[in-house]
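There are structures below to look over.
In the two complexes that follow, subunit A is the common piece, with subunit B as its partner first and subunit C second.
And now, the complex of A and B:
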């Protein structure tokens, strides 16, 4: 138990840092019209490639500088966060619901249900995910909902595999047998006895998946396959920044930092939550 | 008349056709403690699981019948069988840690069963559980009920499981080496508790152990198991006074006098094992003939 406490203390800063960044980014995205200093779409050729605030030639109100069309980078990042979070939450939750349910069924019931589900997962995972995503969006058409759908369709297997394995491990525990002796029904045991024990993993995966969804969305934006190119997206900004790396490095570097921080925070936050949720580790 | 538990000619096989239970017959009378002894791998747990209806899916019962208070378990539809087993039996497991759900509080796990299986009100279940916790000498029920299993000591957890097992007043409890996973100092207390509750509640117990010292102390009857076959069945006193089967004698000779609670079985004499092997082979031969 003492060990658990020590671990908890070690975990907390991680939880706070990651959670803090995510909260900040999320709030900024939600209240983008209020907190964004400029109109993210407003072009002004007089203001093109302004450097960030600490450099010579910076303009007040354009904290992180502007891109080659004179659009404010900070505002574009903040507005881009909206799409990033919408995609992160919807895609991860959809993938989680499908994957966890199937994983729970495969792991708990075993037999032919497991054989079918596992086979599908194997086949699914044989596709390289990024290629799969690009292909799917090409088929589904670009747009927010097809990006979300594509990510969910690709990544449910991540949940399915982990949850199946965990459920299998739990199903062989004596407490499940005890519940069977007591006469509980199979579904009841799966939901009331097994599920609470895999929830910590589901939570961790869910958070990790949100980070992954952010990356995938950025990649799709980068190759111009995400939503309409007018709205700023992190991937889109990175793609533009790449073209002007020699004249305005900040247009590439700041969105990259934002992206990396967000993705890392999601994964760290998930891990920290897992230890929080787990009664044995807690 | 019908006893509490009647197992007749029970045979179970693995997918490869090997028998893990070889025509086992066993009877437990109401209120009686019947010990099941044998070395590791003899099939003691398997018999317990067969009775409780939780055999591994790879193990198939191919012959024989089990009656719980006269009801033929094999003839009941699955749902009725589950209900009957749930209401009339309970398990005191070997490992008290894994037998409790790690992510649920002890209290809800204990009352759940009374509420959901027996249809009691939450209040009645709670009163009952507290009464049982008192019987197993847990003095701070509030703390225990609010705890998660890992927050309790091994001995505490086993007390909780004993209380849970007796709470629904089952007619038969299968106790599968209930003290093996515990501290030596706690083993005796737990054993004493089980016997005490068994007497007070008049519950029959099928007590699985490999410790003849325990057998001598608590049981009225013993079945000696070897390789899934009951080689000897007798009243406890009679068994210790005059063991009939060479394997039983060898077991007794191999067990240090009942002072050492760790009394584990030393290797049994080669000649006895050879005799057993041919006995088993003969039994399998005889069994295979009518079964193809």
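And now, the complex of A and C:
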């Protein structure tokens, strides 16, 4: 509560840092062919395992060094950001649409709709999510759309559970009862009266889910199941880095820092948005 | 009242498990790629293929296959692994103890770390110490176990190499164990040299799994402690001359722990779910690591068995937490 009031006075520095990092990474990913110093796929065995720029033996133009095939690490990170952001946005939005809709229906209508949806959520929660993701991608076939679909299929329950609970709370409030007396239809009330009040939670969850999607994509590329092996992905670079950890630590360290900053930023952003939108805290 | 609650939960648990079985069965039957064709040598004839398909029951319809498999499962027969050509249940029981030991060590670390920081934070409420704990637990919560694992590999496997970052036990050691619960058995046999070797392998993956859970415990328990510390009976204890730490440990903790307990149950299932990728990361020979191999090899019976065992574990944990809550909560106990 106190934190919410503090944030009202001005945007917190944490939010600035989080937003700044996400914007920087997003712009770099969008304009990757312009800002990437090298071709991310170009192999050069003469340039293998070059260290980052401050160490002895670094080459100008290869700021963060190269991997064991002589590919430029910074360029691979920038191009890998493209896949990370595409997956983050589309998977999170897909999971949000499915989960929020079902959550609204279960929470508002209750009865059989709620019983069936809640049972399905229970079944979904009994799967280990990472194993479920790996299984789905193996079944759907590797590729960008499979990864997005798999994440959406698994993570809609995160939205459904929260939105269901919030909608249930809202449905018993006076304003919903008033709207009913005023003669509005059930679906009209759900969309026009209840939905706006659960939007803050949806937005916060959406931001969190983007961070989760980035991680799941990285995990899938780490076990070599994500996109085709040619395109650079953050998880793919991490898998290479894990193998050459004793010869070239930078191949693991830089993608790891990138991932941590991105995930932290998405979760900070989500929390800040929630307090901003929350009518009680505001 | 309590028995009724238990029976209802047991019934929903069975429905959930049935649902999991249906979903996993449908999902893996949609998979392209013929696992039988993959296991045959290049010179095999169509007749060989058909014979092998019949052997694994793959020549029947999906619905028939499902009920054959389910009736087998009910009798404890999970089928035969296609890639390892061994009994699925045997393979699962061989690996499950490694995963359970890892998860339990992680849970102990999480409770110890989260509990300690919560108590310190509640005692030092309103100070820079509490603010520091909040920032640390916020970061620990936002960063998932996969990334913590990588951070720990870099810090304690490469930078200061004091822990092992690969495997479950040093391969050159001679193991006298008769069960797969190596850590537990090494303690029983008082072979502390082996215990130490196992812990050196287990500690990094366990900490990676524990950190997000420790953060949740820390935040929630601290919040409940702070609420309880303002109540009359705690104020009375303080007036009686108990120190703040004594007040927290003797009076407040007991009543503040209940909300945390229910949450730890659900979160513990998330922790077990995390073992899949963390075991892979640390090449730890547990169930999760075998599950990823099974998916890559399209080993349908093995995948089914492992997923079902994980699901069983999850619902059992939820059931026992629910029952524990009902037993400990005075309002439900006497209701």
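In this text, the second predicted complex is superposed on the first by the 273 of 282 C-alpha atoms of A that agree within 3 Å, B and C clash if a C-alpha of one lies under 4 Å from a C-alpha of the other, contacts with A are read in each partner's own complex, and residues count from 1 in each chain.
In this text, a contact is a pair of C-beta atoms (placed from the backbone, for glycine too) under 8 Å apart; a residue touches a chain by one contact, two chains touch by 3 or more.
Everything numeric in this text was worked out from a predicted model, so none of it was measured.
Q: Report for A:245: first if it touches subunit B alone, second if subunit C alone, otherwise both or neither.
A: The answer is second: A:245 touches subunit C but not subunit B.
Q: If we overlay the two complexes on their shared chain A, which of subunit B and subunit C does A:109 touch? Say first, second, both or neither.
A: A:109 contacts neither subunit B nor subunit C.
Q: Does subunit C touch more residues of subunit A than subunit B does, or is it the other way round?
A: C
Q: So, A:89: does it touch subunit B (first), subunit C (second), both, or neither?
A: Neither partner.
Q: Is A:53 contacted by the first partner subunit B, the second partner subunit C, both or neither?
A: Touch partners of A:53: none, neither subunit B nor subunit C.
Q: Per the contact definition, I'd like the list of subunit A residues that touch subunit B in the complex.
A: Within the complex, subunit A contacts subunit B at residues 1, 110, 173-175, 177-178, 180-184, 193, 196-197, 199, 278-280.
Q: Of all residues in subunit A, which touch subunit C in the complex?
A: 119-120, 122-123, 125-132, 134-136, 138-139, 141, 211-212, 215, 218-219, 222-223, 225, 238, 242, 245-246, 249, 252-253, 256, 259-260, 263-264, 267-268
Q: Which positions of subunit C touch subunit A when the two form their complex?
A: 12, 15-17, 19-20, 23-24, 27-28, 30-32, 139, 142-144, 146-147, 150-151, 153-154, 157-158, 269, 272-277, 280-281, 288, 291-292, 295-296, 298, 303, 306-307, 310-311, 314-315
Q: If we count contacts the way the header does, which residues on subunit B are in touch with subunit A in the complex?
A: Interface residues on the subunit B side: 52-54, 57, 82-83, 85-87, 89-91, 93, 95, 98-104, 109, 113, 116-117, 148, 150-151.
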